[in-house]
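In what follows, chain A forms one complex with chain B and a second complex with chain C.
Coming up: the complex of A and B.
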C-alpha cells in the first residue's frame, strides 16, 4: 500500500507540475460558472413571475424554482456531471498511455512494485486530480449560502447539496477508472481520451434508451444508466443501489486495468 | 499515417457506430435496418482495427501467455457475475434514505399501507411518450411505488402512438396521456384511470389504487323472472342481451349478477344496486316489498 501511495503522490506531482491540470481547473470553473449565472438569472426571473402571478398560475415545471437547492444547485450538479464526462478523459488519458509512449512503462514494470500497486497508485493520483477539479465547484453552493436567503431560514438544504456533491465525486472516480483502463490499452493519449468518451457518453445516455424500451429491458437499462443513478443522488436520495452500481463499475474497471498491466509481464 | 494508426482510428469510429446503433433504433429513426446497418458497419470497422493491429493481439495468443489469457477471462467473468449478482440483490432489496428536509421523496404512510394491503398484483400502464414533459415526474413517482411494493405493482410505460390497440382497449382519446391501473385478467380485469396532464400527485395515485382495490366488492344485481333482458344471450337466434353493459360494469369494477326475488328470497346484503331492465310482467307483492326496503 505504501508503494501505491508513493505512486499516487508522484502522479499528483506530475499533474500539478504541468499546465494541464490548471487548464482543466480553469475550464471546469469557467463552464460551470456560465451555467451557474444562467440558472441564477432563470431563478430570479421565475421568482419575479411568481410574485406577480402566483405559483399556482405558473407552469408546473417552474415549481423547481421555489427554492435555491432544487432551482439552482441540483440542476448545476447535473450540468457538472455532463462537464465531467468531457473533462475526465483528458485527465485519465495520460495515466498509462504516456508511460508507454515514453517507454517508461517497462521501467515501471521492472521496479519492485506489484501491478496492483501501480494500478491503485495511478488511480488514486488521478482521482485526487479529478476530485480537486470537482471540489472547486463547491464554491457555487457556498456563494448561494452566503448571499442567498429563504423564508424557511437557511438558503440551502445542505443535506441534499452534500449528497449531490458526493454523487459527483463518485461519478468522477467512475469516469477516471474507465478512462484509466482505456489508457492502459493504448500508447496514444488522444485515442485513449476519445475512446473513453466514446464509452462513457452512450453509457450515460442509456436512460434515453430505457425510455423507449419495454420491460424488463427498461429497468435493466435504467439501472445501468449513469445519469439515472446520478440523478437519484443529486436530488437528495441516498440510494444503496446507486452506490453499489458506481463502486461495481470502479472495481471492475480496476480489475480490467490490473489484468491489462499484468499482461505486459506475460507478453 | 501508418496502417496500424489508421486501423486504430477506424476501430474507434467502429466502436462509436456499434455503441450508438441501439440509439438509432430506439431513440432516433426507429428503423431496425438502419440500426442493423450501423452495427454492421461498426463491426466491420472494428474488424479492420483487429486486422491491422494483429501483432499486438498476437502477443496474447502466444504460447507463454495462453495460460494468462485463460485465467484472465475466467477471473473477469467470475468477478462480473459476482458484481451482477450483488447489483441484482441490492436493486431488489436495497434501501434508500430520503435526505431532503421536507422528505419529498418519501411515500406517505397511507400510500405505504395501501400498497401493503393490495391483495393481487396491480399493473400500471403509463400511456406517455418519452418526449412528454410529464414523463420524468410520472416515472419517478411510479418508481417509488414499485420500490415500496415490487411484488405487487408492475409498471409498464407505453407510447400511445405505438400501442393503439391497448389505448383503444382502455378507450383513450388520441394523444391522451393517462395512467391506467389494472388488476385481474381477461373478463375479470378491472381498471381505473388517472389523468396525467400536468403530472400525477401521490394523492391521485394512491386514491386510484384504493378505488381499484375496492372494486369487485360492489355487486350489481339484475332482476330475473319478469321477462327482463338477460345478461348474456339466451340463444344464438336471440342475441339481444345486456352483455355490453355487463362488460362495462366489470371493467369499472362492479360484479354483475342475477337475482330472482320469487319464493320470498331477500335482497342480498352485498347489493350496491338492483337493476330492473325491461320487465314485462308485474312484480309480486313480496317482491315489491323487498325492493321497497
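Coming up: the complex of A and C.
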C-alpha cells in the first residue's frame, strides 16, 4: 500500500505541476457557472409566474422550481455530470499512455512494485484530481445557502445536496476508472482521451438510444445506462442498485487495467 | 565465488525475429561485466529480461538465487536499472523524482534524506536537486538516471549506456563511480565506448545478432585474436564482423 500511495502522490504532483489540472478546473467552473446562472434566471422566472398565477395553474414540470434544491442544485448536478464526461478523459488520458511514451513505465515495472499497486496508485492520484475538480462545484450550493431563502426557513435540503454530490464523486471516479483502462492500452494520450469519450458517451446515452428497442433490451439498456443510474443519485436518492452499479464498473475497469499491466510481463 | 546472475539458455523471439538466442552466462558477486555488441545485437532486450521487464521466450534467469519469472518481486528488490533512455518525469524536480524512486524501491522514510544525499553526491547532482528535470542538460539527466539506479544500494546494477550524453570529464566521474562499485555490487555495463570497458571491466560478453560470440577476460580474447596488444576495439570488430 505504501508504494500505491507513493505513486498516487507522484501523480497528484505531476497533475498540479502542469497546466492540465488548472485548465480542467477553469473549464469546469466556467461551464457550470454559466448553467448555474441560467438555472437561477429560470428559477426566478418560474417563481415570478407562480406568484402571479399560483402553482396549481402552472404546468406540472414547473413544480421542481418550488425550492432551490430541486430547482437548481439537482439540475446543476445533472449538468455537471455531463461536463464530467467531457473533462474526465483529459485527466485520465495521461495516466499510463504518458508513462509508456516517456519510457518511465519501465521504471515502474522494474521497481519492486506489484502491478496492483501501480494501478491503485495511479487511480487514487487521478481520482484525487477529478474529485478536486468536482469539489470546486460545491461553491454553488454554498452560494445558494448563503443568499437564498425558502418558505421552510432553510434554503437547501443539505441531505439531498450531499447525496447528489456524493453521486457525482462516484460518477467522476467511474469515468476515471474507464479512462485509466483505455490509457493503459495505448501510448497516445489523445487516442486514449478520444476512445474514453467514445466509450463513455454512448454508455451515458444508452437509455435514449434504446428507446425504440424491444423488451427486454430496452429495460436492460435502461438499467445499464449511466444516465439512468446517475439520475437517481443526483436527486438525492440513496439507491443501493446505483451504488453497486457504479462500484462494479470501477472494480471491473481496475481489474482490466491490472490485467493489461500484468500482460506487459508476457508481451 | 557465488554467481549473482545466472542466465541459462535464454531466448527471446518477437514474432518471426530472433532477438536473443540460447544465451548462457553467469556473473559472480562483485564483478563488473562489460556487455557489448553492435546496435540491435540483443543487449537491451537481454537487460530488460534480466530486470523482469520483458518475458523470455525460453531459458531461465536467476538473480541472487531468485528466478526472475517465478519471483520477479524478489529480483526487482535487488536490481538497480538504468535503461537506454533514462526513465525521468520532466515535470518533477530532481529531489522529488529521487524521493519517489527511493520510496517505491523500499527505502525507509527515516533513511530517505541520507540515501538521497548519498546518491546525489556520488553522481554529482547535488547542485541541481531542486531544479525541474525538464530544464536539465542531457548530461545531468543521464546522471539523474544513474542516481535512481543506485538508490536503495541494490546488490545488482544493470546499466545500459550510463555515460551516454556526458562530456569527457563527466564520463570519467561516472566511470570512477562504476569502478568503485566493484566488490560490493555486481554490475552489467553496456556501452559503445570500448575504452571505458577496458578501464572498468576484466571480462566482457559480446553479442552479435542475438548470439553470444565471446565471453571471457579481455586479455584472453586479445591473446586469442592477435596478441596481447590487440585492443578491445579490434576484438569487437573481428568478432562482430565474423559472425
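Throughout what follows, the second predicted complex is superposed on the first by the 266 of 267 C-alpha atoms of A that agree within 3 Å, B and C clash if a C-alpha of one lies under 4 Å from a C-alpha of the other, contacts with A are read in each partner's own complex, and residues count from 1 in each chain.
In the analysis below, a residue touches a chain if its C-beta (ideal position, glycine included) is under 8 Å from a C-beta of that chain, and two chains touch if they have at least 3 such contacts.
Just so we're clear, the structure is a prediction, and the values are computed from it rather than from any experiment.
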Check your understanding: Just chain B (first), just chain C (second), both, or neither: which does A:14 touch?
Key -> second
Review point. Counting only touches as set out at the top, which of chain B and chain C does A:136 meet: first, second, both, neither?
Key: neither
Point to revise | chain B versus chain C as contact partner of A:211, first or second or both or neither | key: first
Practice item. Please indicate which partner A:104 is in contact with in the superposed arrangement: first for chain B, second for chain C, both, or neither. Key: second
Practice item. Tell me which partner A:112 touches in the superposition: chain B (first), chain C (second), both or neither. Key: second
Review point. Is A:58 in contact with chain B, with chain C, with both, or with neither (first, second, both, neither)?
Key: neither
Practice item. Give one of first, second, both or neither to describe whether A:254 is in contact with chain B, with chain C, with both, or with none. Key: neither
Practice item. Spot which of chain B and chain C makes contact with more residues of chain A, would you? Key: B
Practice item. Tell me which partner A:50 touches in the superposition: chain B (first), chain C (second), both or neither. Key: neither
Exercise for review: Return the residues of chain A at which the contacts from chain B and from chain C coincide.
Suggested key: 266-267
Check your understanding: Of all residues in chain B, which touch chain A in the complex?
Key -> 5, 8-9, 12, 15-16, 19-20, 22-23, 26-27, 59-60, 62, 64-65, 68, 72, 75-76, 79-80, 83, 86-87, 90-91, 94-101, 104-105, 130, 133, 135, 139, 154-157, 159, 198-199
Study note, to complete from the structure: chain B partner, complex, touching residues on chain A are 60-61, 157, 159-160, 163, 186, 188, 191, 194-195, 198-199, 202, 205, 208-209, 211-215, 218, 223, 232, 235-241, 244-245, 248, 251-252, 255-256, 259, 262-263, 266-267
**Study point:** Complex contact set, residues of chain A against chain C
**Key:** 2-3, 6-7, 9-10, 13-14, 17-18, 102-114, 264-267
Point to revise | Interfacial residue positions of chain C with respect to chain A in the complex | key: 48, 51-55, 72-73, 76-77, 79, 81, 83, 85, 87-92, 96, 100-101, 103-106, 148
